[in-house]
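Some notes on the structure that comes next.
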Amino acid sequence: MSLLALDDVGKNFGGLVVVKNLSFTVEAGQRVALIGPNGAGKSTVFNLITGVYPLTSGRVLFDGVDITHLPMRRRIGLGVARSFQNIRLMGHLSVVENIMLGQQPKAGGLAALLTPYRLMPRHRWIEEARAALDEAGLGAYADLSVDSLPYGVRKRVDLLRAVVANPKMLLLDEPAAGLNERETEDLHDALMAIAAKGVTLVVVEHDMHFVDRLCERVVVINFGEKIAEGTMAEVRASPLVREAYLGGDATVGAGHA
Amino acid sequence: MSGYGEAILVMLAINIVVALAGYLPLAAGQLNLGIAGFMAVGGYTSAYLTSAYHLPMGVGMAAGAAAAGLLGLLVAVPVLRTSGIYLALATFALGQVIQAAFLNIEAVGAAAGYPVKPYAGFTVVLSVAFGVLVAVLLLSRTRFALLLTATKNDPLVTELFGVDVRAIRVAAFSLGALIAGIGGALYAHHYSYLEPQNFNIMLSVYIALYVLLGGTQTVAGPIVGAAFFTLLPELLRAGSHWRFVIFAVLIILVMAVRPEGLITGALARRLRFGKRREAAS
Amino acid sequence: MKRLGTVSAIALLGALAFAPAVQAASELVIGYSMAKTGPYVSLANSNEIAADMAVDEINAKGGVNGRKIKLTKFDTGGNPKDASAAVRRFAVDDKALAIVGPFSSSECRVAFPDGERMGIVQMSMASSAPGLTADMSYAFRNTVDEGKVISDVMETFARKKIPSARAAIAYGTDDAVSKAIGTGVLPKVFEQYKSQVVSTVDFSVKAFDLSPQASQLVQAKPEVIGFGAPPEMAIKLATELQRQGLKARMIAGTTVADPDLPKRMAPAGEGFTIGTTFFRDLNPATKAFSAEFEKRAKAAGLPRTEPSQMDAATYDIVLMYADALAKTKATGDDANLAKERTAIRDHLAKLKNHPMLEGPISFGANRDSIKPIYILEAKQAAWTLIDTHEPK
Amino acid sequence: MSGAVFAQQLVNGIMLGGIYMLIAVAFTLAIGVLNFLNFSIPGIFMVGAIATWRALENGWPWVGAIAAGLLAAGVASYLVERFTYRWMRGLDHEIPLVSSLGFLILFENLVLIGYGSDQQTFPALMPDFNIRVAGLVIGTGQLISLVLALVLVIAASGLLERTRIGRGIRAVAENADTATILGVEIHRVVPALFILIGLLSGVSGILFAMNYLQVSAFMGHEIGLKGIAAMVIGGMGNIWGAILGGLLIGLIEVLSIAFFGANRADICVYGALLLLLVVRPEGLLGGSAIVREKL
Amino acid sequence: MLEVENLTVRYGRITALAELDLAVPEGRIVTVLGANGAGKSSLLKALIGLTPIAGGAIRWKGEAIHRRPASERVKAGLALVPEGRRILVSMTVEDNLKVGAYHRDDPAQVAREIDAIYQRFPNLAERRFQKASCLSGGEQQMLAVGRALVSGSSLMMLDEPSLGLSPIIIARLFELLVELNKGGLALLLVEQNTNMALSVAHEGHVLKLGRKIAHGTPQQLLADARLQEAYLGG
């Protein structure tokens, strides 16, 4: 059984069709990319999976459960986590506190909510969050405001915050956008390490080189519809994909696919 | 200690309690302009139970706090369907309705006011206020406080980390109402007299000002704000009637220079982190 | 920054906590709780002139018991919490023997229990809400019961055969004194004088639009309208009644005793009749007082220079205190403070027909004063005295 | 209650509503365009009336005194823009609110120092300023202010709808960045709007003084609170909503006083506001208020 | 006509554009290509004055304009059709066009030009008094172009005009752009739709991570492997 299955999913905003008859599945442990030109509806797909928007039609199944009508927070409880295209860290919290927010899905309970952990410097939440930061090489930033961090670091904190929830599936919205080559390389390694722990990755990304190296399978959408699916090489060969990206009749860059 | 000093400390203590009542919802991004209404509920409940049924003052205060908290819970559910400026206006309307309601309740004297028998002196007021402060400080060290800040910062993302944002908001609002009830009960028993006119919109507005001026990101914010509003007019006493003019100018200037309030989370962190760095070196 | 804040806050608290508790031992200290800022400022800030006048007169004559009187002042801004702070400062820090004020009923409600706990006399010059001094022993008011005042007005109407068969009541509903007059005093007085109450209207004392109330009164066509609310509301109602075309005489107690009122509501207020406890042209003493007051008020740049009933009451309170200090041989020494404060209370409680500026003053069972009531009628933008009721 | 009195009460309510309208429009402009709950408006209202009163006391002719009042109100509002909104654009919505409250306290206390807390008598333009038809008394002053309120609001609405600066204001209201790239000078449009808000508040204050023949430092409080209620009931940001809201609040207030007594009037007025906010936060004429943000 | 020299744009510590040189001669169509995050939008925002620049210079008709506010740049003849079109949806179609002519003082001429736009886009004419929110995506794009036209500009900058439009509408849009260019209007076209953009442009620049990696005529660029690399990776 697939970990994630979108079944004939559709989404309209007013009269505007953003996602249409979209079906695809992701198997547990896979690394899948969702690509497509700007405005193709990729982020909307993420928002439909996490429940930010209600579906207009179709179903979403996760880990065997029909989550189509579950509220956002319940889906997260099932093991979905995501990062954000425009980094959405909490500016009023420190780095370590942002990471601790990521622990929320597994913290649970009223007692956990009301434990004055900040008076207990050895409390396991803090220890865990610091350990996670140290492991990611971000330990030095732990007590700073996120607003004061360089962009690359903020991206990594955003990712780490999603990872500490121990999700079964991680949705990454343009993780490499705005990173330089070095940082992109580090990100690749970090994601491979996460995947090695059995976490399923679904990535929206424009850097095709990055996608090619990271993902085993690619789903291409344009105008909210799936136009191709397969390995990166297969997808590159598809005339529909070339048209979507480069427009017109695709006669570009011979020999590069 | 001098009599005047005691009187000012009592005022400060009560103002800190009500500032904390305004702080909890504001920390979750809710501007409650009806705090005075919840104070009235707490004050009148405690006053009535202790005066009409001769219950001990402690029981009365607890009942007052519970009544205010319960009312907060009851109104939070419908009122928190609104947000931002709508919530501020809804709570403003709520405060006006509560005040007007007490003007019509003859059992507690209506417009004539209600004398309150059991007296809470300097020590009682300061101990209760200290207790509230400790409780809020403890609360501010919990995950609940973390979620409050996150809810204010970015409710959507907070929800995406599995948090029931609505429940957090309702809890913050009701807890604020409960603390306001304690503040109202302290007022009632210390000043021995309640009248609905005391709990007007300007009181709510001032309480909101305590918190916004002090800063909504740490517990120190409302305390500094309440101290600013309580002590500054006293310090300016020499300037007699110019004092409120100077005071108003200071409000405008402080908000211009530090729009996030006098004490921000970043500032508090910098101090803490700074200390740690000093210790390490 | 935070540490700096904490440090300065502590320093500030320290400064407040150990504020001036020092005065020359040779003076007898009286506290004066005044409302120089806040909602009552224009009624209350002229009181200070009267209080200073009284002190100056006493000290010019060599003071009391060979010592000068010293007035120590605290501005409450009309705020009950500050009135409470004032009592504490006077009683604990300033070692005052007695307190002039506070001004409003709301302040008295809070300050009187404090004074009771600390055992120090306070005497209000303006508070007239009913029942404020019940269950107390140190709380005095140099004001009279509104029931007595309004009853005297009706008495005068009966004597002078002014028509009052059809009566109406208009009162403020969110102010203790106003509401007590409207729901307690006026119905009883009208019943006593066989006036039929044909309409009762109420309003918020913060209201600016009284058109709905006026419309109801117009329909009822009363000959006399009993009024209970502050002077501002009297002006508003009189103006609105004139606009809607009702000619009826309004009557009221001391709540509207503002010397400038006829001028301020002219021409709508013609015939407005009130009872009050002070009239400037009564006798040589009141004329002299008014002249001196006017001089000082002008020098201080106050907008109103004619003394009000509260100004006269304040003046008399200081003089009554001076008299009590003399009679009880007060020294103001720390050791005897409590005893002397109680002696002052006991002396004042026994006062009977004590001759003062306002007339002979006594204190009744609840330590509210009993004194002559002057019935004034607004004629051509000024008050004229039409009757006097000496205390029985 | 007889029919005649009821009719008179309806007239009273509509006239009172006329007073609330202008101030509700001032609030609605600040909210609708700038998302700014501008608490200094009651202060500006008062400044306009007090300045006119002072000028009249000093023997100025009516026209000059009214001009002085308007000037004072415009300048006061411009100061508020200069020291609150301009510094704090883009921050949490409560922050300029705090500063605008600071200005309210400032204006009131300056007047308190200058002229005391007394309610001052404002001279009447003429002795009997009323129209009497079929037993109804209609205050000419109130009628004029109702008509003038409508005219001014229609003019303001026309200004927003048809003029260049009006289009600029609406463009800024919807999206300041888009307005910028279209060449709208935000640094001119926003102060212009504040001056417009100031003038509306000032006119409202002066009309109030002419109707009720009184001015005082705190005259803006009650009317300001009712104006906010009127604005919300009509729909925040909607000028015609402010008109409707003003009339409704006036009628609710007068009729609840007539039927239930003054004690219950506030419960009725603010209860209606609370109910509306819970049931239909966008107000009677407002568009949908809550838009889900984009990730 | 427009010359950009050494232009650098930073957001905080992130460099969005580094030392970019670029020129749009009179009457030409210049296109700037690149994947997401290449800095294309930042370039246009800096040119119109929405984003402050960290270094370099922007010259318009020989005059340095990079310190002037946006409103003056629009007055001088620059117009931007922003990404996502940014139609003012609470206003009518007609008011959107009039806001486009905000700084112009010749109402009669503006009215004539608006009429001309209606003739060109009959769909807009039909809905001239309706709220712009009821327009379809394609109509909104037409309105955004029309709005830029009535500003009386001599250089129109377009940020991803084909975004979210169907192929037929895109084709119509580009026909229109060519036609406008023939009428003398210079265009600076930022696109991901590479082929479409290159089919109309006189010259093109390719950006990657804020730096220019290629420049040339459409033919040169189409043959250049670096172009495809910028989009689909190596």
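Lettered A, B, C, D and E in written order, each chain numbered from 1.
Assume contacts are C-beta pairs under 8 Å (C-beta built on N, C-alpha and C of every residue); 3 or more make two chains touch, one makes a residue touch a chain.
Computed from a prediction, not measured in an experiment: that's the story for all the values here.
For the pair chain C and chain D, chains touching both partners: B. Each chain's centre was taken as the mean of its CA atoms, and the one lying most distant from chain D is A. Separating the centre of chain D from that of chain E, both taken as means of CA atoms, is a distance of 42 Å.
One finds 32 Å separating the Cα centroids of chain A and chain E.
Between chain A and chain B, the centres computed from C-alpha atoms are 41 Å apart.
Per-chain Cα centroids separate chain B from chain E by 52 Å.
For chain B, residues touching at least two other chains, in rising order: 103, 110, 156, 241, 244. For chain D, the set of residues touching two or more other chains reads 112, 263, 265-266, 295.
Each of the following residues of chain A touches two or more other chains: 52, 84, 88.
Listed in rising order, the residues of chain B touching chain C in the complex are 1-9, 11, 103, 110-113, 115, 119, 191-193, 195-198, 220, 224, 227, 231, 234-235, 237, 240-241, 243-244, 262-263, 267-268, 271. Partner chain D is touched in their complex by these residues of chain E: 48-50, 69-71, 73-75, 80, 82, 86, 88-91, 95, 98-100, 102-103, 147, 151. On the side of chain C, the complex with chain D involves touching residues 37-42, 45, 173-174, 201-204, 206-209, 211-213, 215-216, 218-219, 232, 235-236, 239, 243-245, 264-265, 303-304.
Chain contact summary for the complex, chain B toward chain D: residues 26, 31, 78-79, 81-86, 88-90, 92-94, 96-97, 99-101, 103-104, 110, 156, 201, 205, 208-209, 212-213, 241-242, 244-245, 247-249, 251-252, 255-256, 259-260. Partner chain C is touched in their complex by these residues of chain D: 2, 4-5, 8-9, 12-13, 15-16, 19, 112, 115-119, 121, 128-130, 132, 137, 139, 208, 212-214, 216, 218-219, 221-223, 254-255, 257-258, 261-263, 265-266.
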